[in-house]
Structures are given as C-alpha cells and as structure tokens.
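Next come two complexes, and both contain chain A; in the first it sits with chain B, in the second with chain C.
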Partner chain A sequence: MDRYEVIVVGAGPSGLSAAIEAAKRGLNVIVFDENDKPGGQLFKQIHKFFGSKEHHAKIRGFHIGEELLAEAAEVGVEVVLGATVIGLYSDKEVSVRIGEEIKHYKGDTVIVATGAAENMVTFPGWTLPGVIGAGAAQTMMNIHGIQPGKKILMLGSGNVGLVVSFQLLQAGCEVVALVDAAPKIGGYGVHAAKVARCGVPFYLSHTIKEAHGTDQLTGVTINEVDEKFRPIEGTEKYFEVDTICMAVGLSPMSQLLKMAGCEMEDNPKRGGQVPIVDEYGETSVSGVFAAGDVSGIEEASSAMIEGKMAGVCVCGYLGYITDEEKDAELLKLEKDLESLRQGMFAPKNRGKLIEKTEEGIDISMNLLKKGYVADDEIERFPGVVHKVGVHPVMECTQNIPCNPCQDACSKGCISIGNNITCLPFIKEDSNCINCGMCVASCSGQAIFLVDEDCGDGTATVTLPYEFLPLPEVGDKGYGLSRNGEKICDAEIVSVKSVKAFDHTNLVTMKVPKEYAMKARFFKCS
Partner chain B sequence: MSRITEHPILGVKEEKKLVSFTFDGKDLQGYEGEPIAIALKANGVMIHRYTKKEHKPRGLFCAIGRCTDCVMVVDGEPNIRTCVTPLKEGMTVQTQDGVKAM
Partner chain C sequence: MSVIDRSVDIGGFVPQPDDDMLICRCEEITKGEIRKAVHAGMWTMTEIRRYLRTGMGLCQGQTCSRLVKGIVARELGVSPAELEPATARSPMRPTEMKVLGKEVS
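Up next is the complex of A and B:
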C-alpha cells in the first residue's frame, strides 16, 4: 500500500488549488479524479468570472483551468485520472478503482474536493431522450463542440440556468423560454439581462407540467404556479422543443466524508448533506479536510480559495510550516474569501428577499421577474448618467462582489467606492476616451458606451457582442430593447475586436437619439 | 444535431481524425477519441437503450458518466457509459434492451 502525505480526491478547481499549496511546500501529494481530464467543470465555463484580481475576475473559466493545470505541473502535483475513489476510512485509508483494479493508499492527510452533482426535478416525460441536465448541455457544446439541441427550454433561473442559456445562444441554439417555479430570478440580474436582451422570454412562477413525445422529446407544456407552488389550471403554455435543460441546483457529493465517519449535517443553506467543518475546512476526523462545493455549494472562485486553505492547513498539520506562517497565509485567504461572500447573493442572504441595494436604491422588480431593468427603473442607478460626448453607462444594479470595471479604465473614470459590492459610478471630473476597456472587462456585460447626441439626430451605443456572425460596419438592422424587442432602426458604425477584449467584441450602432438609453442590442435585418 | 464549426469564444475546433463505426449494423462516422455518445448525437441518434421492466427509451442525460442513462452494448459488452467512452475505429455499438443488445 503506497503512502502519501496528502491524498486529494477530485482534480477540480478546489482539489487542484489544495494540491498546489501542499506540493509547492515540498509535501508529496497525489490527486485522484474519476474523469479522463483534470479541471472539473472549469473547462466548461466560457464566461468571464466575477470578483477582483485575486479571484481571477474577468478571466474566462477555461483559462483559469489552464492556469491551474500549468501551476500544478510546475510544482510537481501527481494527478491520476480515470481513478474513482470508492472508499475513505477514518484511518485515512483510501480505496481507488483504476481500470479493473482496486488499489489502496494511505494518506497522512486527506482533502476531499469531490464537488457537487446536479439536482433534477421530475415531471411526466422527464426520462425522454432530449431532457438533459444543464451540465450536459455545457459538456456537449463547450467541450465536444456539438449543439445540445435546436430549440431548447431552460428550467431554472439560478446562475447556472442563466449562464448556460447564454452559452446555448452562443452555440447557435434557440432558447424558447427560461422557466422557474420561484417568483424571482435566482441568479445575477446581469446574467439574466444579457439573455433577455437577446429576446428570450422569462416565465417566473411557472413550472413544467409535462414533456411530450414517445421516442424522444417533441414539446413541453408549462403552467403557472401559485405562491404554494400549486399548478394554476388554465395557465398552460405549449412550446415545441427538442431539448429541455434542467438547472435546478446542485447537491454536495459528500458520501465519502460520511463514510469516513465525519460528522455531517443537513444544511439547506449549503445545499444538502455536508460535513461539519471549521472555518478552514477540517472535518471532525483529524487530518481529513473538505474543500469546495462538497462542503457547501458556492462557485469556482470560492472553491479555489477553500482549496488553498485546506492545502495550507495540511502543511501546518504535518509540520511543514510554522503556526505563524500558517496563520498569516490563512488570514490572507480568509480576506479573499470574505470579500467574495459579500453582497445580496452571499450565502448568508440565501432565500432572503432584498428590496434595496446597499446604497438604499430600490431593486428593479422587473429585473427579478422578467430578466431586464425597465426603462423607467434604469435611471435611478448610479452607473447610469447623462453626459455630453461618449461616456460609459453602467447598468449594474445589484450588489455583487466584482470590480474589474474600476481597474479597466486607464483614465480613472469609474469608481466602485469602498466596498467591492458597491454599484459603480462615474467620477465627476472624468474624461472618457472611448477605449472600450470597461465594456469588455464587465463580466456581466452591463456596460455600454453611449453618445446620446451626435448632433444629427442620432446617438451611438457601443455594446459587448459575443456571437457569430459578427456584424460588419455598414450592416443595417434593428436596435433591440432590454427585453429583446425591435424598437428602432440601427446601423453598425464600428466593430472593435482586440486581444485585450478577449473575444468580447465591441459593436457600435447608430440609432435615433431618442433610443440612446433604450437600445441595448443589435439584430441584423 | 449540428456540430459547432466556429464558436464566438472557443474559435474553430481543430480537425480530428474521422473514424468509422457501426450502430445497430449501420455504418456511421465520428471523430476518433470523442465520446461515443457525441458521435451518435452528431448522427441524430437519440435513443441509447430501453429500460428492462417498462421498455422506455433513454438517451444522453448527464453527459459526465454519472447517471447511466446512456449505457449501450459496445463491442459486445453491455452497460458501457457511452458519454465517457472514447470512440475508436471499427467499434460495434448497439442499442441496449434491458441488459443485452436489442
């Protein structure tokens, strides 16, 4: 039986981060992962991440994955793929199935970073071919380069449902509806808004009544539900679809920890059965740590920090670093983690109805119910101002821990204020040079450059564009409103694609000036 | 279902080697090393198996090897998770009925 100082289960963002911290301090580390590629779900994430620099903000998930793998290779982390851990015992013995063999390993410490599994909901027809998990859709389109379907209904309006809906549009699929039984959109408003402006309708307080088809999915009926989630008769709506995607939450895959005898609890705020851990992830079994989604559903950015914490802790546990060194490292990581757990989507605020921003501004109710901020609501947010000449309009209306816009502007036009969750605003004496860096840097695609009056009755709106085909200068079409309706004629006057924008193209359209604050997307005629 | 030839973020996929395999006796093609299920999907195959008791169709569901909905008979061996099993030249893939080939 081989012995390692650290055995890590799972080579996702958390497990790899943990392994890197331990390996770079000289511990011998082995990582097991059941998949044939490391990186967990990071390589399916093609959107730009939120947060600040320390959290890899504005970097796309798969690039973060590439960075992690390079770092792991550099410090000599050994990753065994196709290796399913099937047993974990209280004396830190690990059974691993590799091919047709079962091998046993002994760890001085064990870090469990197994992540989470998708939840499902059942309805008549849910087993039909064509009904899939949102993760499956991501795997198909972003890893294997195939469309999951042509016409798709998304169930679930959390960040996964919203982000995957956008990715489906990017893959050239049609999203016919985004449905959620909850009365309000669960994920970030900015993620919803970029889906809504493409014309995807949101059906909140709706759920699937039935999926239709005999051999495969051919359509779906949804109906409205009341405040107790009971179906309301006569509210049925039918959609012809070949695919239903379910994005209805995640559950920690904590079975190994339970098997090892760790104390567990049912904690809905953490997503289900989770180990009871201290603030750095140590379970009730000495030397066994949990990091990432397995100890509470959050997201990749926090999973990476939790992984690092566990990595630092095992170094301290085995005496590779002094208590002072350990505490100093942990303090830094704790600060990073704490800054991610701020704002209205913080774990502590789960399930709470928040009606005002930290600045005391009323949240857009239209955003929560329909996915976009209404024309008569948008003006009250601090990022939305009127100025002469080109200036940024930042339609950032919820307190999310994110600040790349502030750093993106070399002229210092944009400020977040003291707290990373504050809504951005334009500084009074600022001078926008129309460089577009703020537009490309906004992970929520919520910043536009607007010249409200070009002097000839027109206005220009520069918007982030991540679709193909990319419009060309001279293309004529329509300006779309925040809910994707054609509201005016529009002509493309500039298209910028530079490396620093990282595939977020900046498309500038000319619209009649009365639509300067209303047109937010372009559609070719 | 269509393959994505050019993606706005991921660009153009590098061309992989085409290989031949059979599905229920029909000759099909797919890319070497991609999951069998993806090659089937590209060829429009939706049904991977029928359940034993009620004979209900099942297809690709989780696509990461967890749910077992997509298992098929591959080279004579049943219960192969086609979503995580790489395609090879000359493979024989069959729709599974219960735990055997149709």
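Up next is the complex of A and C:
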C-alpha cells in the first residue's frame, strides 16, 4: 500500500488548487480523478469568469483549467486519471479502481473535492431520449463539439441555465424558451440579458407539464404556476423541441465523506447532504477535509479558494508550516473568499427578493421577470450616461463582485468605487478613445460603446459579439432591442477582433440615432 | 440521526395519475411503487432501497436518490431534510466483481 502525505479526490478546480498549495510546500501529493481528463467542470466553461484579478476575472474557464494544470505539473503534483475512488475510510485509507484493479492508498490527510451532480425534476415523459441535464449539453458542445439538439427548451434560470442557453445559441441551436417555476430569474441579470437580446423568451412562474414523444422527444407543454407552484389551468403552451435541458440545481457528491464517518447534515442552503466543516473545510474526522461544491454548492471561483484553504491547512496539520504562516495565508484567502461572497447573489442573500441596489437604485423588475432591462428602466443606472462622442454605456444593474471593466480602461474612464460589488460609473471629464477594451473585458457582455449622434441622423453602437460567422463591414440587417426584437435597420461599419479581446469580437453597427440607446444586438438580414 | 415515529398514521395509499412515472431509471421503479412501499412500512431510505432496489443500479442513485427521498418525505408528511439518506458504502461506483476481486496492494 502506497502512502502519501496528501490524497486529493477530484481533479477539478478545488482539488487541483488544494494539491498545488500542498505540493509547492514540499508535501507529496496524489490526486485521483475518475475522468479521463483533469480539470473537472472548468474545461466546459467557455465563458469569461467574474470577480477580480485574484479570482481570474475575465479569463475563460477552460484557460483557468489550463493554468491550474500547468501549475500542478510544475510543483510536482501526481495526477492519476481514470482512477475512481470507490471507498474512503476513517483511518484515511482510500480504495481506488484503476483500470481493472483495485488499489489501496493510505493518506496522512485526505482532501475530498468530488464536486456535485445535477438535479433532475420529473414530469410525464422526463425519461424520453432528448431530456438531458444542462451539464450534459455543455459536455456535448464544449468538449465533444456536438450539438445536443436543434430546438431546445431550457428549464432553470440560474446561472447554469443562463450560461448554457447562451452557449447553445453560440453552438447554433435554437433555444425556444427559458422556463423557471420561480417568479424571478435566479442567475445574474447580465447573463439573462445576453440571452434575451438574442430573442429567447423567458417564461417565469412556468414549469413543464409534459414532454411528448414515443421513442424520442418531439415537443413539450409548459404551464403557468401560482405562488404555491400549483399549475394554473388553461395556461398551457406547446413548443416543438427535440431537446429539454434541465438546469435545476446541483447536489453535492458527498457519499465518500459519509462513508469515512464524517458528521453530515442535510442543509438545503448548501444544496443537500454536506459534511459539517469548520471555516477552512476540515470535517469532524481529523485530517479529512472537504473543498468546493462537495461541502456546499457555489461556483468555481470560490471552489478554488476553498481548495487553497484546505491545501494550506494540511500543510499546517503535517507541520510543514508554522501556525503563524498558516494563519497569515488563511487570512488572505478568507479575504478573497469573502469578497466573492458579496452582493445580491451572495449565499446569505439566497432566496431573498432584493428590490434596491447598494446604491439605493430600484432593481429592474423587468430584468428579473423577462431577462432584460426595459427601456424606461435603463436610464436610472450609473453606467448609463449620455455624452457627446463615443462613450461607454454600462448596462450593469445588479451588485455582483466583479471589476475587470475598471482595470480595462487605460484612460481611467470607468470606476467601480470603493466596493467590488458597486455598479460601475463613468468618471467626469474622462476621455474615451474608443479602444473597446472595456467592452471585451466585461464578463457579462454588458458594456457598449455608443456614439449617440454621428451628425447625419445616425448613431453607432459597438457591441460584444461571440458568434460565428462574424458579420462583415457593409453587412446590412437589423438592430435588435434588449429583448431581441427587430427595431430598426442597421449596417455594420466596423468589426474588430484583436488578441487582447480574447475572442470577444467588437461589432459596430450604424443605426438611426433614435435607437442609440435601444438597439443592443445585430441580426443579418 | 433523525428518528422516525412509526406510530404516526399516514393514512392509506391513494392512487395518483402519475404513479406510473419512472423515478429510478436504472432499476425501473415507478413513483407508485415507491409510494406503495411507504405504505407497506418502508419509512427509511435504507428500507426503501433494500425493498425496491432504487438507487442500486448503474448510476448508483446519482439521479434518483434526491427524487426518491422527496417522494418518501411527501408521503410521510415530513421535510426531505429530516430523512436520513441511505448508507454510503464501498464500492461508491458500480464495479464489476472481477475487478473488485482483483485487489493489489
């Protein structure tokens, strides 16, 4: 039986982060993952992450995965793939299936970072081929390059549902509806807005009544529900679809911890069965830690910090660093984690209806119900201003911990203020040079460069564009409103794709000037 | 550990229109079978699992364990959080006997 100082189960964002922290301080670390590729869910994440520089903001998830793998290799982490941990025992012995054999390992410490599994909801027809998890859709598109279907209905408006809907559109699928039983959209408004401006209708307070088909999915009926989630008769709507994606939450895969004898609790706020852990992830079994989604559903950025914390803790546990060193490291990590857990979507605000921003501005109710900020709501937000000449219009209307826009502007036009969750605003006497860095840096694709009056009755709107084929200069089509309706004629006058934009292309369209603050997307005719 | 008070009267089995809906796909167990099992006295997740084999197929309950728990809880009139999940034991993932029997150290 091989002995390691640290055994990590799961090579996702938290497991790798933990392994790196331990290995770089000289511990011998082994990481097991049942998949053929390391990185967990990171390699499916093709969108840019939120947060600040320390949280890898504006970097796409799969690039973060590549960085983690390179770092792990550099510090000598041993990653064993195709290695399924089938048992974990309280004396920190681990049994692993590798190939056609069962091998046993003994750890001085064990970090469990097994992540989470997708939830499902049931309705007649839910077992038909074509009804899949949103994660499965992501795997098909972003790992294997296959469209999950042609016409898709998404169930669930949390960030997973919103992000995957956008990726389905990017993959060339038609998303016919985004449905959620909740009365308001669960994920970030900016994620909803970029789906809405492509014309995807949102059906809040709706759920699936029935999926149709015999051998495979052919259609779906949804209906409205009342405040107690009871179906309202006569509200049925039918959609012809070949795929239903479910993004209805995640459950921690915590069975190994239960097997090891860790004290567990059923905590709906953390997503289900989770180990009872201290603030750094140590379970009731001394030397067994949990990090990432397995100890409570959050997202990859916080999972990485939790992993680092567990990694630092095992170094302290085994005497590789002093208590003072450990405390100093943990203090820093705690600050990073705390800054992520701020704003409207912080774990402490889950389930609450927040009606005003931290600045005291009324939240857009249209955004929460329909996925886009209404024309008569948008002007009240600090990022939306009118100026002569080209200037950024930042349609960032909810307090989320994110600040790449502020660092992106070399002219210092954009400020977030004191707090990372504050809404961005344009500094007075700032001088926009139309470089577009802010547009490309915004992970929520919520920044536009607008010249409200070009002098000839037209205006230009520069928007972030992540679809193929790219429009070309001279292409004619329509300006789409924030809810994806054709509202005016538009012509492409510039298309910029430079390396610093990291595949967020900047497309500039010319529209009649009265649509300068209304047209937010382009569709070729 | 939650305690199940078996003296509570949960009433009789009342058929529902979606009783034939599959819940555990691997073992092909329907909602009606799970609800009937509760009325046959299977009040814990461990009992349900042994009685019906829900969650004991290929996916090892990855998809259905939460659903089964919800159905049992509703039938008993308790919150799912009050039900102790079934025992977690090795092997955590489906493993062929020939592999399980080939231990190396």
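By our rule, the second predicted complex is superposed on the first by the 525 of 525 C-alpha atoms of A that agree within 3 Å, B and C clash if a C-alpha of one lies under 4 Å from a C-alpha of the other, contacts with A are read in each partner's own complex, and residues count from 1 in each chain.
One rule holds in what follows: contacts are C-beta pairs under 8 Å (C-beta built on N, C-alpha and C of every residue); 3 or more make two chains touch, one makes a residue touch a chain.
Values in this document were obtained by computation on a predicted structure and should not be read as measured data.
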First (chain B), second (chain C), both or neither touched by A:Gln255: second
Which superposed partner A:Glu34 touches (first chain B, second chain C, both, neither): both
Contacts of A:Thr122 with chain B and chain C, given as first, second, both or neither: second
Partner chain in contact with A:Pro148 - chain B first, chain C second, else both or neither: first
First (chain B), second (chain C), both or neither touched by A:Asp266: second
Which of chain B and chain C A:Gly130 touches, first, second, both or neither: first
First, second, both or neither for A:Arg97, with chain B first and chain C second: second
Touching partner for A:Asn418 - first (chain B), second (chain C), both, neither: neither
Touched partner set for A:Ser525, first chain B, second chain C, both or neither: neither
Set of chain A residues, in rising order, touched by both chain B and chain C: 34, 117, 127
Interfacial residue positions of chain C with respect to chain A in the complex: 18, 21-23, 25, 31, 62-64, 66-67, 80-83, 85, 87-93, 95, 98-100, 102-105
Chain A residues touching chain B - in the complex, by the definition given at the top: 34-36, 46, 60, 117-118, 127-133, 135-136, 139-142, 144-150, 170-172, 215-216, 466-468, 470, 503
Contacting residues of chain B [partner chain A, same complex]: 1-4, 6-10, 13, 34-35, 38, 41-42, 46-48, 56-66, 69, 83-84, 86
Interface residues, chain A side, partner chain C - complex: 1, 34, 84-87, 95, 97, 100-104, 117, 119-120, 122, 124, 126-127, 251, 253, 255-256, 258-259, 264, 266-268, 272-273
